[in-house]
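Dropping the structures in below, format is structure tokens.
Two complexes come next, and they have one chain in common, subunit A, joined by subunit B in the first and subunit C in the second.
Coming up: the complex of A and B.
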């Protein structure tokens, strides 16, 4: 009888701990550590969220008062926990049980290991930004606002003026492959030197209990901002040509960038001394409203959607006032041209609990629960024509060349989906 | 300079300057189309952030654009999100507290206003947070959570602009209608925080609602008392008042008034427009907004009950 009482006590102790402090720390030797999964029940199968796990509670040594056989009686009717309690008690075991379930491996969210969440997007809802988007990927949601401000060349410390003739020469030069590449590299170098793209990512909006405001931005937020900055500069997404604001002496008619060449040819007799007077600086701010794993992919989607939505007002230099002026006519404003669409895909490698026997699973687009269990992370960014823009990888050596090839294929597939969604809006 | 963030060019940048604002070609300013005792439509939804204990989203209806099409004249609507984290245990180092410790934060997104806002909290944000805390402190039943704290964070995604562009361009920074937009923002903060607290399931004596009223004057017209003013609609705002109101107890937890109330009396004493009238009207606005909040809470509670009933058999069966 005393044995039975002991079980009840322990059970209520575990219940009590679960209710009080979640997630339960699994310290070695704590009662929770002795819980072992007996597998998911046969009758229900791996239905996510409804999967039940029978937990066997092994008695601590001090409860075994001689008669070992008594415990067998309890093992026949083990107490059960709802799935979400089990997930908090023993996260690796819970995820392993899902992935090793009969039939196809399935994640707790109901996705297959390489299935990613389809984002939704709502663009242009903010009034004060030149471009904006609200996106949601599963339970991760964010807002991105793009705002253009004007940088005068007088305010740049060591600015090398670029004349229109030079510009013309570059444009008409034979477009060999090397030239195009060199030009693109110079473009992005100039953009980085001037600091024309200013992306910032904010997590301290209460989007998750681990990133509360007060104090400097968290390490994660700083890392993500820098990763996005690097991506913007290495992917040739934007060109410095579209951000220049020109001054042309016969300033009677402001010239749009598209008509520039015709006008230049018309005025060939005159000595045109057009020069760059200012630049557009794009402030790109991404605020997370809700965070449930994979902030980088969500941030990139928000960024791309907001840039697709960005219209900069038509701007020109007024020599009389010595000011850069903008037109307030929406019809004259110009859509920002995107030269590529770099689409990221993040993966984690889950190595299973001790009973997984060295197996590993590659999980695409992890949610917050899975992110806490994976040490090795891979991010692949692909651009147009299956070009790999970046590969970022840390935390382990489980993903080899063959896996990488498969992951790139997946990223290409995701890019196709995203491009359709960004170009044509939601289906 | 903040080295932990990506900064813009060191030389500094300027927001776009529109040619039409310099040439004096002004667009007709928007006019209030609703009645004096009519508030704007409110959109309120709870449970936006699953990772927080409670959350809510608040949006005011965008006024119709019945004037010329221009980038300078786009109307904005108030958009707020609020998350509640807790109640949760205070850190070990914190001294004993017999009741729930409340901490509030209000933050503007960088794209919330016409001028880009910095990430570093400014005095206006701290001011709003202090007012919000006063409005909420008396509502929570703090004795039920000793030794714990709760964080309430409001993010302003889009605020209301109360200055026309030409005033801004002319350097008229503290113009005649300076800072009235803050009143609507505080009122929205109170309502959205109340919804998020209810979503988090923290015990309250009642739901607290924000309401705004203002005394406004059109040129060549006597002053007028209006509910829920949109600052850009009015030529001149003389005074404004925000309240946090508990309807079931008929209590006001927070009042914030600005402006010159006595200047608005028309001399003849025909229309009473003192401070009391202003507060009464603000309470009226709060009562009108309460219906939306109660409806949003009912919707989310019904959804919660349905999902918990669906889960219930799971807990009871044993293998």
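Coming up: the complex of A and C.
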């Protein structure tokens, strides 16, 4: 044991080359069982101690003349390393060894290449937010809070009420898919112009070793915020109709009906029409407590779970006080309606180490270790009826047009799982 | 319609302007230069992309575009040829269609996809102009899908407003798909149509065993983007080597 420690300390001097890897010995049982075993043991290897890798070490000359203790004996039997040491020394080789293991390719986490992590979710745990969710996806965990604030129409610089009221018309003849789409697009355009959805994503200090405390938001955090924002607007998840706060003049006073029709009509003409006086602005804050790969998918799940959980209080405009008032009766509050469930699935493409030239593995829902080794990323977001909402891809040319359909199928499969989970709660 | 100028700036190591479809971008490349200790990579060159919008200062939108371009260029540039150095790419958007789409200031949620092809194209041309070793070049195009399902290449601002989905695809000179940014609502059948069309525009040929026969609709001659870029570079090189030509060969 002590000489192994010594070897590790001397590693900065030793040029080592991974010569051969012993066949991987994997935990028995179903993939789920293995996954659990891997999750408990908090290490990269399937089961520490079971998986050993052989390293052939070229000893530097000074080891032979100075204090040479046992190291010479290792020439005949190469020293073995626990899996997590190997993972740190030669990450690409370690991952390649897993993916090329006998039988089925398997990832260090015990998942198959296209298997994704099942998230767990606890909704409604923040009392001050209108909707919230705590989500965990493997070792990636985040909190999402949704809070509604009121934006008065007077405060909007160039508010054009025409656009808002025009849509009030009852659309009887327009019900084809295209027209509905067009209307929704106009909706989301108005939301974008007014800035009614304000997502912000923060990576907490200590969520991963690469995030140093202090400093401005990292590029990753900014990129993720922007991606969430564009997803909210292009997926037609929410409608501006549900965020409008109306001024409705008192209903044509039923007491005096039948008596003074003439007067009523005159009065009605005087009464202002119902109009939009304010909007709900949803501040959506996502905070990552822990980051172990694939923050976008986890953020989306947190977002969807929090929006499903959001109840906005009943709000109306009071003409006498010229204020927007909210009812504090929970029975009057209204659940936010979600028109679609855009579900993302991110992939990475791993090209293997130097010896595995020309091969590629598409890994779904990567963890932090795999993310460090993959440069090509693909994210697919699917909505209802197998329609694709977004495809994003950059960083390499391995995934071509022909692979895309297969990846979309996987995303559709994941959407089915997520929708069940979000609608009915955890199984 | 596509307008390319190589090396318009004489202080930068390399520069280019690219104008197409209402978007105009000027790019400058400096590199390989010394890198800050913090950003230094032991085995490869660090790539720094900075985007300046047409009006105002850059924000979160620009950070997102920068990260897409940085990821892509890291694959395109032979980064291992210049370890522990920095290659700096500055992109200034000169004109964009957003001005007509959003009078007043641009909302943050406005789609940032349409300007991406011009940015990618300008950065690649500037890298060529700076003689940075590349493993490939790339060509990118913008395509919108109309409500009737028709595929419209080089859409105008009105087309973009009315489109059900917008797609940016970039192909390498080997014909590999490098970048995709698709947004809107679409089926995979539509996407494959867009993919085939974009490949035809950028790379000029269909995939060997692609079964999409509905491509015959565009019988008109499409000058592929790759050739336009090649011509621009060829003309520039020819102009620079004019002094080498003997007077009689120049006459012919």
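Note that the second predicted complex is superposed on the first by the 321 of 427 C-alpha atoms of A that agree within 3 Å, B and C clash if a C-alpha of one lies under 4 Å from a C-alpha of the other, contacts with A are read in each partner's own complex, and residues count from 1 in each chain.
Keep in mind that, in the parts below, contacts are C-beta pairs under 8 Å (C-beta built on N, C-alpha and C of every residue); 3 or more make two chains touch, one makes a residue touch a chain.
Keep in mind the model is a prediction, meaning the values are calculated, not measured.
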- Following the overlay on subunit A, give me a clash-or-fit verdict for subunit B and subunit C. fit
- Task: Name the contact category of A:323: first (subunit B only), second (subunit C only), both, or neither.
- Result: first
- Message: Quick one: is A:158 in contact with subunit B, with subunit C, with both, or with neither? Answer first, second, both or neither.
- Response: second
- Pick one for A:391: touches subunit B only (first), subunit C only (second), both, or neither. second
- After superposition on the shared chain, which partner residues are touched by A:182: those of subunit B (first), subunit C (second), both, or neither? second
- Looking at the overlay, does A:338 come into contact with subunit B only (first), subunit C only (second), both, or neither? neither
- Message: Looking at A:127 after the superposition, I want to know if it touches subunit B, subunit C, both of them or none. Which is it: first, second, both, neither?
- Response: first
- Message: Which partner chains sit in contact with A:195 here, subunit B, subunit C, both or neither? Use first/second/both/neither.
- Response: both
- Message: With both complexes superposed on chain A, which partner does A:227 reach: first (subunit B), second (subunit C), both or neither?
- Response: second
- Go through the superposed model and pick first if A:95 touches only subunit B, second if only subunit C, both, or neither. neither
- Query: In Å, how small is the closest CA gap from subunit B to subunit C once the two complexes are overlaid?
  - Reply: 5
- Message: Give me the intersection of subunit A's contacts with subunit B and its contacts with subunit C, in residue numbers.
- Response: 195, 222, 225-226, 229
- Where on subunit C does subunit A make contact in their complex? 60-61, 63-64, 66-68, 71-72, 74-75, 102, 104, 107-112, 147, 164, 172, 174, 176-188, 191-192, 195-196, 199, 207
- Complex interface listing, subunit A residues touching subunit B: 21, 41, 50, 52, 54, 77-80, 82-83, 126-129, 132, 139, 141, 143, 145, 147-152, 154-157, 194-196, 198-200, 202, 204-209, 212-214, 216-217, 222, 225-226, 229, 281, 283, 285, 287, 289-292, 313, 315, 318, 321, 323-330, 333, 368
- How about subunit B: which of its residues touch subunit A in the complex? 4-22, 48-52, 55, 69-77, 79, 81-83, 85, 88-89, 105, 107, 109-114, 116, 119, 151, 153, 155, 157-158, 161, 311, 314-315, 317-319
- Contact set on subunit A toward subunit C in their complex: 158, 178, 181-182, 185, 191-193, 195, 197, 219, 222-223, 225-227, 229-230, 232-234, 236, 375-378, 383, 386-402, 404-405, 408
